[in-house]
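Right after this note come the structures.
Next come two complexes built around chain A: one with chain B, the other with chain C.
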Partner chain A sequence: MSDATVLVLMSTISTGLLLGAIFALVAAGVTIVYGCVWLPNASNGQFFVLAALIAWSLTTTLGWGSAAAMLAVIILGILLSLVLERTLIRRLYDTPNRNIAYFVLTLGLTQIMSGIFSLTYAKWSDQFTLPPLFEGVTMFGAFPMSNNRLGVLVIGFLLLGALFWFLRQTPYGRALRAVFQNREAAALRGVNVRGMYKFSFVLGSTIIFIGGVLFALAYSFDLTVAWTMAITAFAIMIVGGPGSVLGALVVGLVFGFTQAIVSIFASPTAATFSYLGAMLAMLLVKPTGLFSR
Partner chain B sequence: MKRVGIRGTAAGVGAAVALAFTGGAVAQSGAPIKIGFVTELTGPWTFFGVSCVAGLKLAQTEINKAGGALKRPLEFLVVDNQTNPSQAVAASRNLDVTEKVVAISGPTSSDTALAMYGYAEQNKLPFLVPVAAFPQLTKPGTRYTFRLEPNAAGWGYAMAKFIEQKKPGAKVALMYSDAALMRAITAGFKYQAQRSKLNIVQDIMFPQGSSDATVQAAQVKASNPDFVIVSGAGAFDNTITNQLLDLGVKPNQVIHPYGITTQVFNWGQRSVGSYYGTFFDHSLDGVTAEGRQFIKNFEAANGRPPSYVENFCYTTAYVFKEALQLAGSAEREKLRDALSRIKSKETTSGVPIEFDKNGARKEYIYYMQIGSVDGKKTYKAKQAFYTEWDPEVIPVYDLVK
Partner chain C sequence: MSARSSAMNSWLAVAFAVLALAAPFLLGDSRFLAFVLGMTLINVLWAGGMNLSYGYVGLMPLMFAGIGGIASYAMVHLTRVEGWSFWIATPVVSVGAALIGVLLGLPALRLKGFYFTLCSLVIQTVLTLAFIFFPKYTNGDTGISQIEPPDWIGGTRLSGVWLDFALAIAAVLGVAIVAWIVPSKLGQRFIAIREDDILAESLGINVTRYKIIAFFIVSLYAAVGGCFYAGYVGFISPRAFDVLVSLNVWLMVAFGGRGTIAGPVLGALVLAPIPYLLQDLQAIRDIIYGALIIVVILALPGGVYGEWLKRRARHRQATTDSGKLADQRT
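And then the complex of A and B:
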């Protein structure tokens, strides 16, 4: 195999894995909240960008290292989710058709957050870059991969594995899945359903925060990424099956690879629209998604 | 509600201007000469609009301290267009009808500028565009619109000339976002590349919202180009650059059609040796004494050196001053005629300012090579190339509709 072929092949694999891991994480965060609370979080893209912007502030303004900034963002993400749950989300737990109410509520949050970003960060810069988590390059044959992207990829997959293990193997994870499947039955078996609502909102939102930081570590970003990520996360959730974490993980990875492969055999434009096409086709053929129960 | 907001903004800026007048102004008589400045203070283009106003305000303060124009203070009524063309038209109409401004200016986006262009031409309102490069803003038949920034297809022309001079017959790869500005630059480049006998080995366009270019960077690397022209929208520009460098493309093979201060900071130390186009830079050889003062004042106020965006907006105020003096009156038609006759120079760099029959400027560009980047505070670059050209040296209005 020539060096040129190795370059293109390895870049396709690494891009597919990296984008796939980030897509899967964010979509898993969105689908955990939707599956448990019936909350289609329209502001997931703004949460994603908020995390990236906080990390940027901590590293650029305060001079923190990227690892410390990442940990701080996770803690802030948990605290912010708790505050939002207490002040806004829990007020609608008993509302009939609450998914519509939540959608409108989170659309409002999107507007508020995007307005705040416009009045602050947008005035300071038109683009943002975090310092790398790891320096240097690792060679895979003729393909040089930056250790920073490699590190983000490994962290992304470790987190996905940990999330999957948590949902399958721990009592909390099983309780969460029980609420996904049947709230009444879960309550009869002694699961604190409202407690699970709160837990799932905090867990899902924190995962979106982590996705935002990982993305900012791997790529430069600007405020428009909020919209792109929000659409992508919803597309993955719809194709994978709303409420299915397995669906989010599998379809997220497939979308990452699709984007990488289509962009090389067709064009980057076709790649971007390929997953939106997949979403529309899924809505027509199997609206419940690939992995719905 | 929007109307209140707009007037509130204008009133606020008016008050700020009034405060600025109180300090050491040369004697002025008469009411201020009002000029509408409709720019992007919110929305996706916020950074450019806010930076532009920062440059404008420095010039406004200087001009009014020195006696204003026609012995009257210049008052720029700054209004937010929210990076929204229809809002830009509404704000222009309000300034025209309610404030009776003598002219309008301000947009830093081609979309909002095109919307204001329609209003200005239809209502015979002089319109000086500081920063917007879409060619059709000075299409044949234009009468009331004048533009300081060279048109984007011309940038592409100049880039081909730059590469031709660096390496005749060079192999060039193009990586750019699917946005009006980048398409115009690319159209100009492709037109001239043929004539300059450059060989385009890759031509990759990314849709807006793209986040990864690793695969395309690998394709580019595999085609072994002499130069890669990188022109991504927003942060994606930096992502493409980093991914090319990750794969072993050398910095001095990378050419950015344009670069502003924040971009250079983001490209960072690893991009030392790469090139970018600009119309003003604090590292230029030809910065005048006034230009150095402008840079110093801007850095003191904003913590970073100005780039061409701020300089064009700073220059806008001086062009208005000079045109008003030339017109001898603050009447719209006389101001329009004066703008069409103006033969001046940028106070900051000495580059000539004169407009052709369509309001397009005698065009020019510098190519700079990055020498060092010191965090987010400053950077050094050296001038690698300079050229001037007639706006219609290539068929810009046919290349980009």
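And then the complex of A and C:
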């Protein structure tokens, strides 16, 4: 292989891993909430962009460091999802066909948030860039990778690992998975189902927030990323199987690599087309997804 | 339905028809108000179609605006490039777009509730992307401007008050057709499917076939509305047919009262003028519409008119009950 081929290969692999980790995080956030609460969060893309925009405001306008901004966004994400749970989400916990009601509700939320963004951030800038988390460049042979993107990549995979460990090894995570599988049985075994609904909504939304900050640290972004992310997260959830975190991880990585490879030859929109096609095919052939139990 | 309420319904219908048809002449002086009226009438037509699907069959097709977009772009192409008349192009492309709508929706019709809506959202997104990235017919994000208004006898163009009047006829006809379908055998089967499609199937109703018929009619409404939109506004772009437009038409139906004739008309009359009265503040419209969606989902599942009907029925029940009680006592 020539040097140029190696460089392209390395850059595709690093972009694929980076995008894949972020896609997997956001999709895991969406799928945890859907599996547990039955809430397909259509506003996940707006949450994602909100996190990125808050981080941008804290670093660019207020001059905070990126690490401090990231922590602040996580705390704000937890607070915001607690407020949303208390004011809106809680009211539909006992509705029979609540997934469609929640879907429309979060579409309404999407419309409100995009309206607020176009009144505020859209007027301030059309491209947003955050200062890097880490300085410097690491060389992999001839391939340079910025320490910043490397750091984001490591944080992303560490978080995914922590999420897996949490869901499989801790009592809270086991209770959450019990609610995924069978609400009534979990309730009979003494799991506080409504408490789990609240917990999983906050957990899932916070993961989406973290995904947004990581994306903003690695790439500069604009407001259109909200809708693309929302569609991509839904596609990953449907293809991977609603409620399956493993599915979100595997399909998220596949989609990340798809985007990285397609972007070499064509525009990223072509990748979006392929996700939509994959989701449509999966909905028609096997709506329960690849990794459903 | 009691004789009194059906008499009231016919009065409402006549009042709406007379008002809608007279309005273009009453507002004739102000072109701005006339424009708001025209846009409202197009939305009345759209809401009527969406109501047939969401209100009577129980399907929420978020690709509604996309179908309207297909028809609109095709109509503009035929009239501008091929030199067709608006009045021939509109029915042709509407039937064509409705067939495309059925073809696209056919596989999704097996799905129910949320999965159907998600599938229709995916199709809508594909259509929006297609409008942007195949600029040969659509001129991409820039859109097509200076579309001529519909042609008229003697080589003139239908414009001003008479174009408003044509829109009013279309809106009144659209609502009248829904009102005519609902009590018919077809409409009753739609309602049976909405209430319980498994029961409907076991009663011998071919659920898929009736869903396809409903889908065809709904797509026809979307398409005719899209053609009138292009002829009336004179400018179309992918944003005129994106998912928010579908969602807004859905909101008009849900806010007014799904599954009633008057509700969606009311919803369109109240909500459609908002963006034009706000002028440049389109973002405020998004915030208002989004907040109303949340209000409808959490507090007004039957819509304004639906809740009013329910409250009135409860009130009447209470008065007859207390009347009976009084009879027993004496």
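The rule we apply is simple: the second predicted complex is superposed on the first by the 281 of 293 C-alpha atoms of A that agree within 3 Å, B and C clash if a C-alpha of one lies under 4 Å from a C-alpha of the other, contacts with A are read in each partner's own complex, and residues count from 1 in each chain.
We take it that a residue touches a chain if its C-beta (ideal position, glycine included) is under 8 Å from a C-beta of that chain, and two chains touch if they have at least 3 such contacts.
Every value quoted in this text rests on a predicted model; they were computed, and no experiment measured them.
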| item | value |
| --- | --- |
| Touching partner for A:Ser118 - first (chain B), second (chain C), both, neither | both |
| Partner chain(s) touched by A:Val137 [first = chain B, second = chain C, both, neither] | first |
| First, second, both or neither for A:Leu71, with chain B first and chain C second | neither |
| Which of chain B and chain C A:Gln127 touches, first, second, both or neither | first |
| Which superposed partner A:Thr60 touches (first chain B, second chain C, both, neither) | first |
| Which superposed partner A:Leu92 touches (first chain B, second chain C, both, neither) | second |
| First (chain B), second (chain C), both or neither touched by A:Ile238 | second |
| In the superposition, chain B vs chain C on chain A residues touched | B |
| First, second, both or neither for A:Ile100, with chain B first and chain C second | second |
| Touching partner for A:Ala260 - first (chain B), second (chain C), both, neither | first |
| Chain B/chain C common contact set on chain A | 115, 118-119, 269, 272-273 |
| Parts of chain A lying in touch with chain C, wherever the complex brings them together | 40, 88, 91-92, 97, 99-101, 103-105, 107-116, 118-119, 231, 234, 238, 269, 272-273, 276, 279-280, 283-284, 287 |
| Residues of chain B that touch chain A when the two form their complex | 42-44, 46-48, 50, 178, 204-219, 221-222, 234-239, 242, 246-248, 262-263, 266, 268, 376 |
| Chain B-facing residues of chain A, complex | 3-5, 7-8, 10-12, 14-15, 18-19, 60, 115, 118-119, 122-129, 137, 143-146, 149, 215, 219-225, 227-228, 259-260, 263-264, 267-269, 272-273 |
| Of all residues in chain C, those that touch chain A in their complex | 60, 107-108, 110-111, 113-115, 117-119, 122-123, 125-126, 129, 133, 244, 247, 250, 282-287, 289-294, 297-298 |
